[in-house]
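As written, the chains take the letters A, B and C, and residue 1 is the first residue of each chain.
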Amino acid sequence: MGVTLEELARILGGRLDGPSPGPLVSGIASISEAMAGQVTFLTETKNVQKRHQELAKTKASGVIASENAGSLPLPSIRFPSAYHGFVKALEYFHPKDSLVPGIHPTAFVHEDAIVDPTAMIGPLAVVEAEAQIGPGARIDAQVFIGKHSRVGAASHLYPHVTLREECMIGENSIVHSGAVLGSDGFGFHSTDRGHEKIPQIGIVEIGNNVEIGANVTIDRATMGKTIVGDGTKIDNLVHLAHNVRVGRNCLIVAQVGISGSTTLEDQVTLAGQVGTAGHVTIGKGTTVAARGVVTQDVPPNQVVSGFPLKPHSEEKRIMVAMRKLPELVKAVRRIEKELASLRKPNE
Amino acid sequence: MGVTLEELARILGGRLDGPSPGPLVSGIASISEAMAGQVTFLTETKNVQKRHQELAKTKASGVIASENAGSLPLPSIRFPSAYHGFVKALEYFHPKDSLVPGIHPTAFVHEDAIVDPTAMIGPLAVVEAEAQIGPGARIDAQVFIGKHSRVGAASHLYPHVTLREECMIGENSIVHSGAVLGSDGFGFHSTDRGHEKIPQIGIVEIGNNVEIGANVTIDRATMGKTIVGDGTKIDNLVHLAHNVRVGRNCLIVAQVGISGSTTLEDQVTLAGQVGTAGHVTIGKGTTVAARGVVTQDVPPNQVVSGFPLKPHSEEKRIMVAMRKLPELVKAVRRIEKELASLRKPNE
Amino acid sequence: MGVTLEELARILGGRLDGPSPGPLVSGIASISEAMAGQVTFLTETKNVQKRHQELAKTKASGVIASENAGSLPLPSIRFPSAYHGFVKALEYFHPKDSLVPGIHPTAFVHEDAIVDPTAMIGPLAVVEAEAQIGPGARIDAQVFIGKHSRVGAASHLYPHVTLREECMIGENSIVHSGAVLGSDGFGFHSTDRGHEKIPQIGIVEIGNNVEIGANVTIDRATMGKTIVGDGTKIDNLVHLAHNVRVGRNCLIVAQVGISGSTTLEDQVTLAGQVGTAGHVTIGKGTTVAARGVVTQDVPPNQVVSGFPLKPHSEEKRIMVAMRKLPELVKAVRRIEKELASLRKPNE
């Protein structure tokens, strides 16, 4: 069983660098965990030297590497980008479950829902009236699709996703288990008598090629739309409040919270546990480092961190200086005493 | 289709300020997004001037405003509170789905559960033995209601809510999708051999007019009750640990975490991503700014922030001073050197 | 109804200290909330004196205490560890629902799944093909068990848990509602054209005697395993990224986020809202205080806090010094001015 390295190179679209047809391989694993009969991979990375050392000791039968990775101690399949070859190999050795079109007999699909015949609706899923499920879409077990909501072609909602009414997901998007899209925004009119609920009548609109992590919450807009743009990837337990607009190809790492009406332009990266105030704009291509707090607009193409936010390099200098602070307090006291004694002779 | 402004004023209980009967309107939208045939609104806000400028350019056919908003460039409906009029108009143009009483045939309702005939139980919901669902309550698709739990009149649990056994929700309360009420508190007796589980035998008790966000977790008490008081509103992904007591009309913003046995008195506001230690009390009317960490009791009516917590104005001064810290370190070094050289002549 | 203290001491394995057979008791409550006919408990704690004062006023009919708690003002049942006696009493007065083996008729269990006849599958649960459910395991209502996944003997999955395909849970473990185990790791290969998904083909492996809180997310490994070791307890809303390895008997408090490929050795404690970078190791027995951020390896047996992480005692000194910072800035300005004026006479 397995394929020769030569055959694998052909399938993946790479170039075999080594004796042809090469050994049989039947799986992929990391450099340290791979066994004979598996390929491993050498991705572009910071620790190139360390990886080359590990490679000398690997038990793998072949390695996926980039064209410019230099000479390697075992047969390799070369790609312009090793990462791309790696992804191809993962997909080859672990093909996705093929979708079995049709509606599971235990699902509840409203008679007025429109489910494409090539879509799959899993066990005990609910699809409400006038919802639309596109071609090749996969609605897993126990998912909820509200009234008038739409899921585009080839999108995949994992078990226990909630898509509230009137909301839209584009094509080729992935929503992981437990995510809630379209919950009411946190909007109240506070008076002396309490907090009066402001009805949240807007929607959520998710673009194409978006990925949304497990247990993420994305609130519907008060009016209008909460938007996640094409190609954006959102990690687990992230919160997007009402009327947030996230641009294209953004990365939002786990446990980030974005307050109401804030805008992320395209290609913004928010690292883990970042928080933002409401009604601010983060410019295109900007990165906010982990745990940063965004309280005002940030221009494009910055790398910022801290609370309040500042250039990342400045934040790092402050962090270093902080550790000197207790000593600094003492030094200033000492100086003040000395100055006082210097002063006396002049009196 | 639509209603005249005059008719709308009558329905909402406001006063028409403009020619009668005024234009026909059929919807509501923000000042910048409204089109002809829609009303917009001018709420009490900080940027009054900016809003008035926007209003001069709006395409809306009318505006909801407060009695003291001054003269406006288009017909208006006036209210003592513009916000109140805005809420009324939202409710008028987007009425809630009317509840269809009855138990969906795909739901599982235990024969010993007591479901009021005016309540609604959605598809694939579960209501366990001796649970009670009050009049007009709405239990959406795939909700779980545990044994002996109770949901009061007119409360609404959205899809995928989990209400564990023995817990109680009052009247007119809302629980959003994915929220878990009544999970075990995080209680262990740690010894050299490991962490022994302390059974969590208490309950969760949610008051009336409460709103609980998506994917919130509220743990049951070790013994006794974890309590959320009437009128309190909780945003998404908030965590309340065992035996927490939250007073009335509090606001708890997204991703806040409250540790065990902590008490919030009435009208406390915790902004986003705040954390609290266990066994502390936050006094009535106090606000903790975003990201603050509460490690000890806070008196009533404070505005506090930071870690450790301090008056918000002090925290802001410290934040400003922080940016001077690296320079300060250098300045003190320079001073010490200069002092040393001053000292020498005296030697 | 109830049992005498003498009888209760016998059942729990403690020693009655007081007149025999003592009063009848039928429940357990805290010192301040207990009523006549209940026992209370005096656990080892910091505020021993305060507890003794409270005990003088309790209405309880008896108290569970440790052998070395000294003389007490009411009949007691003594144990080497009061906490252990307390846990025993909780279990006695509030026995768990006994498990009713069998598959609920509304559940969907794939014909190729293997469910032990002594296991319980609740209403509207889903168990996919070739999943295995061990003896005495309890799969509650609306749980999802993916293909080939395994749940060990006597483990308990609460309503709305998602266990994705190929993942494993050991024996005697507990997973609370809304937790998602096995969601895809957040792995992308970013290029100018966007973020290419790296297939996540690994699994999640949970050990024995583990407890996982509500709405926790644990991502499957890119390749290989994300691991949670025996005896580890995880609180609500925690995020473990792909390829994280958590050792045995760790405690991970609410809202912690652990980035990819990070390792926690045994007996590590992460307090609330801690975050970690990826690819770091936290040594055995180390504690990270609340809100700390781990950006590099931490040796064993440390108590660390802050961002960047430092010894907890140092962090506390810095926190104290921070409040002096604005004054310090002024002092240094004053000193510089004075030095300048001292300098002049020398010119």
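Here is the rule we go by: a contact is a pair of C-beta atoms (placed from the backbone, for glycine too) under 8 Å apart; a residue touches a chain by one contact, two chains touch by 3 or more.
This structure is a prediction, so every number in the text was calculated from the model and none was measured.
**Q** How many degrees of rotation map chain A onto its copy chain B on CA atoms, rounded to the nearest 5?
**A** So the copies are related by a turn of 120 degrees.
**Q** Same or different interface residues for chain A and chain C, judged by whether over half of the residue numbers are used by both?
**A** The interface of chain A with chain C is built from mostly unshared positions.
**Q** As a quick test, compute the distance in whole Å between the mean CA positions of chain A and chain C.
**A** Here chain A and chain C have centroids separated by 26 Å.
**Q** Got the chain A residues that touch at least 2 other chains?
**A** In chain A, the residues touching two or more other chains are 124, 142, 160, 178, 215, 237, 255, 273, 322, 325, 328, 332, 335, 339, 342.
**Q** Can you tell me which positions in chain A touch chain C when the two form their complex?
**A** Residues of chain A touching chain C: 28-30, 33, 81, 83-84, 86-87, 90-91, 93-94, 97, 104, 106, 122-124, 141-142, 158-160, 174, 176-178, 209, 211, 213-215, 231, 233, 235-237, 249, 251, 253-255, 272-273, 290-291, 319, 322-323, 325-326, 328-329, 332, 335-336, 339, 342-343.
**Q** In their complex, what parts of chain B are in touch with chain C?
**A** 108, 124, 126, 128, 142, 144, 146-147, 160, 162, 164, 178, 180, 183-184, 186, 188-191, 194-199, 201, 215, 217, 219, 223-224, 237, 239, 241, 255, 257, 259, 273, 275, 277, 293, 307-308, 310, 314, 317-318, 320-322, 324-325, 328, 331-332, 335, 338-339, 342
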